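The two complexes that follow have chain A in common; it is paired with chain B in the first and with chain C in the second.
Showing the complex of A and B:
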């Protein structure tokens, strides 16, 4: 049975190159290149593996500014069949509730969908809310921390495994369902040249504004977002004591060091 | 999913040569794909800082108004430097034949022009091989993926691994290339204008030989951009490896810390640091054949760069060779196919253009440049003569006396004569 799958991804600032403003302690986002959230690539890979096994189609969805087109082209380069870029000023400023609402409505529009796949969390906010919230809007079953998946015997369900600290759990979920893929599982495959050229030449990215989705403006963007950031506290700076041992005898130096550690509350036994 | 559509032309490299070829071909209606190794067009390119404008104006419509030009060069300085001092020749004019630029921005602009003309530009692609069938190029191979095209334009840059694999050239030897290292230092427009005596749209191109490179063959350069200054050195790789007592980047650090640069660049912050190879062997580095069945070679890969000692031409020559490659493709197409014979018009076009005329005209300069003594001897002779001429106590010397005194013990007049003859003699 060929599978119709979607994978939801986020276009995020590459936090590895983000600099911190030394005065305010906040992230400087200007001029920082964006990337597809790295944990979403593991989700894309799981989708591609399912497609390799059973055939079908994998559609990537991103709710992002138009610049995310480059990221979606990258996913098509990996082997995603097509992509939908949901972009509109009306969606800006969304928290996870408003974001999951838009994604749920987009998935609804694409139905019938067998499996919707998500990354575990994003590198720029790490909430891990989106999969569960989207499932709630769609009233569909979902599961987190999936490391691999295969279809059940009747092809009407999916059997997934997740690795916990002391055991491996196996679940069977009826289709359609949502799965959130464990980070670092399913190492993403490299892009291929022919897929990259396809991304550039075959018009595989659809752009949906709210003119297409026609969602109530009270449920989307800033208006649809009840989350409030009350306060952000910069990390406290611990001043260094800058002590120096003035001497040459190693045994004496070791004794001195242990004494200083004991002064700081370290128990020396 | 099948293979993507076949292209008329595959261009390897989105630098000045590749982007110019792609732009020209796309405008002529060819289906073109450009394969670039870097993350974006231009990300692998680096140069000193000056471009001669005219050839680019012939290729790109609206070049002067649209291109990311930093400053038009209105002031040129050539300096001979020793520990004792510096002798400089300066030229100021109101001409606008060359400009300063960031090559990464300029290449990106050229590639964007090619893209708007209809070329498909794919980045982050390493081309492993030119795909050959029955002795003719029919496309390229990348990571096991094959891409077919009727003709391949190889504009892969100075490190021409594809040409090596195709046995068109032998691997580069250190004698063929120079190593360029440069700092880009942010000073701000006002400070640059004040310290270098420029107006906001006026640029300075400054070339130095002698102590600037620790007397290694090559030279140092300083170019003013709008708000930054590029300071760098270029040394022949063979000498850099054999003779240098310290790392090349230490030589550059020393230059920046020495007079007059330490004063001119005071308060500046380093915003970019880069290093790149440049072809320096002149005609010797040009492959015997720049075309074959189904392919053409352009730009640095074709060895098309000249270093005259007081200036360097590379970007304009690369771009124009890409343009001529595009013309050759069109001509071969109209002749019925991309056979070696039909593509041979590329060589004729290169020979008729300024490119080969320049390469041939200046081949003797390049011969002289690789002679190590030139870079040590003449700065000392000139600075020594100037010292005699300007620093006297009671009797002032005549000009010729000053030069003679300076030559004494350093070299024979015959040596000088021979060097002058080498320089003057045509190919």
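Showing the complex of A and C:
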């Protein structure tokens, strides 16, 4: 049975130096180069592996600014079949609830979908919320931290393995369902030349604005977000003694350190 | 903002005023036949918040055969307990546990729900928040309260730990937050504390639509670096995986364990579960020795609760020295063996 799958990916700023709008407390994206969230590439890879095994189609969805088109082309280069860029000023400022609402509506529009795949978390917000929230909107089963997946007997379910702090669990989920893929699992494959050429084909990337999705403005963007960032402050530094050993002899340095630790009451000997 | 403010119709007809919600809830995990430490740590911020809001703390527990554990959260400071004990909760499924919790919240209407940011907690909490059509803040590291509005300020480090964002949920209730394990200490345990009530709830438990086929315990000790008293941590400056052998020797002498920076993890020199920092773990050791670690904000974030920080680094300008108690400028390949030698010498007396 060929699988119809979607993978949700986010276009994120690729830098440690991010600027915050002091008024709204939200991220200023202008001038910061972006990439596809690295943990989403593991999710894409798992989708491609399922496609290799069972055939079918993998569609990438990103709710992002228009510049994400470059990232979606990259994913098509990896082997994704097509992509949907959901972009509209009306979606801006969304928290995770409002974001998951839009993604859920987009997935609904693409139904029938067998599996919706997510990354473990994004590097810019690292909430790991979206998959579970989307599952709640869609009223579908979901599971996190998946490292591999195969179809169950009868091909109406998937069997996934996931790793927690202290155990490895195997679950069977009926289709359709949502899974979130463990970061660092499923090492992403490289872009191939033929796929890269294909990525330039007209029409592989559809752009959906809210004219397409027609969502109530009270459910999206800032208005549809129950949480607000009321302020951002620099992380306070923890005060430390900042004493430095003045000298170059390692043996002397070692004596100095152990003496200091002893004074502190740290028992090392 | 006008009073006739529109809300999303999907938020539901029974969207209630926030005055209808009172009390602080902590969700106490007991998946493994014992109460999870990360959930008991929740009681520390819960106390501070409940005091400011002049309300009480309720521990919520779900599972099967959990009756003998019900008083544990009370000993740590919870005022009352609400629990569901049912055969169908013997196995954890995120949406089943989530639905039961949603049901309890709708019945009792707490204003705040705290959930430990364990892997299962982070899996279940956003589902619960969404079913309740309310906001959720992930991995909080601190809280404050706006008493007038009765809003809890949920504090977390976004975008690389250099900033702390204060997030609030001004209209919707309950407010929901997951809390990063190990940033709060366990409150003192007092086995003489009596609960004001322990209530067994009966709710309809949805039949799971997913199935656990197998579960296998990993042969590894839990929370090695989180629990360690002494940590010797290595960074990119070690230059090679062999560098960690020297660190292990020092750690052994000190009765500690080794950990690493993200660059050491990315280089494959040490597993991710031993990464310290914002995208790794927070540690609470009394002694943390940072070797060949520059001291990036994201790394420092994980050692905020460490008592004494030692830095060994060749670069006198490395930011780690401004964030350490004791610094030695030098090559770790000389300095670390010298410390090991000195410890042995002193031990011989």
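Everything below uses one rule, namely that the second predicted complex is superposed on the first by the 227 of 269 C-alpha atoms of A that agree within 3 Å, B and C clash if a C-alpha of one lies under 4 Å from a C-alpha of the other, contacts with A are read in each partner's own complex, and residues count from 1 in each chain.
Going forward, a residue touches a chain if its C-beta (ideal position, glycine included) is under 8 Å from a C-beta of that chain, and two chains touch if they have at least 3 such contacts.
Everything numeric here is computed off the predicted structure, so don't read it as measured data.
Student: When the two structures are overlaid on chain A, which partner does A:269 contact: first (chain B), second (chain C), both, or neither?
Tutor: It touches chain C, and chain B stays clear.
Student: With the two complexes superposed on chain A, say which partner A:196 touches: chain B (first), chain C (second), both, or neither.
Tutor: Only chain B is touched by A:196; chain C is not.
Student: May I ask you to decide whether A:240 touches chain B, chain C, both, or neither, giving the answer as first, second, both or neither?
Tutor: second
Student: Please name the chain, chain B or chain C, that touches the greater number of residues in chain A.
Tutor: Greater contact footprint in residues on chain A: C.
Student: One more residue to check, A:129. First (chain B), second (chain C), both or neither?
Tutor: A:129 contacts chain C only, not chain B.
Student: Between chain B (first) and chain C (second), which, if any, makes contact with A:159: first, second, both or neither?
Tutor: The second partner, chain C, only.
Student: For chain B, which residues count as touching chain A in their complex?
Tutor: Contact set of chain B toward chain A: 1, 3-5, 33, 35, 120-122, 124-125, 142-145, 147.
Student: In their shared complex, at which residues does chain C touch chain A?
Tutor: Interface residues on the chain C side: 6-10, 32, 94-95, 118-120, 122-127, 129-131, 133-139, 153-154, 157-172, 209-218, 220, 222-223, 253-254, 272, 279, 286-287, 296-298, 300-301, 303-304, 308-310, 316, 321-330, 334-335, 337-339, 341-343, 346-347.
Student: Applying the document's contact rule, which stretches of chain A touch chain B when the two form their complex?
Tutor: For this pair, the touching residues of chain A are 190-194, 196-198, 200-202.
Student: Which of the residues in chain A come into contact with chain C in the complex?
Tutor: Of all residues in chain A, those touching chain C are 16, 18, 20, 25, 27, 95-97, 100-101, 124-133, 135-137, 141-145, 159, 163-174, 177, 180, 184, 216, 218-219, 223-238, 240-245, 248, 250-251, 253-258, 260-261, 264, 266, 268-269.
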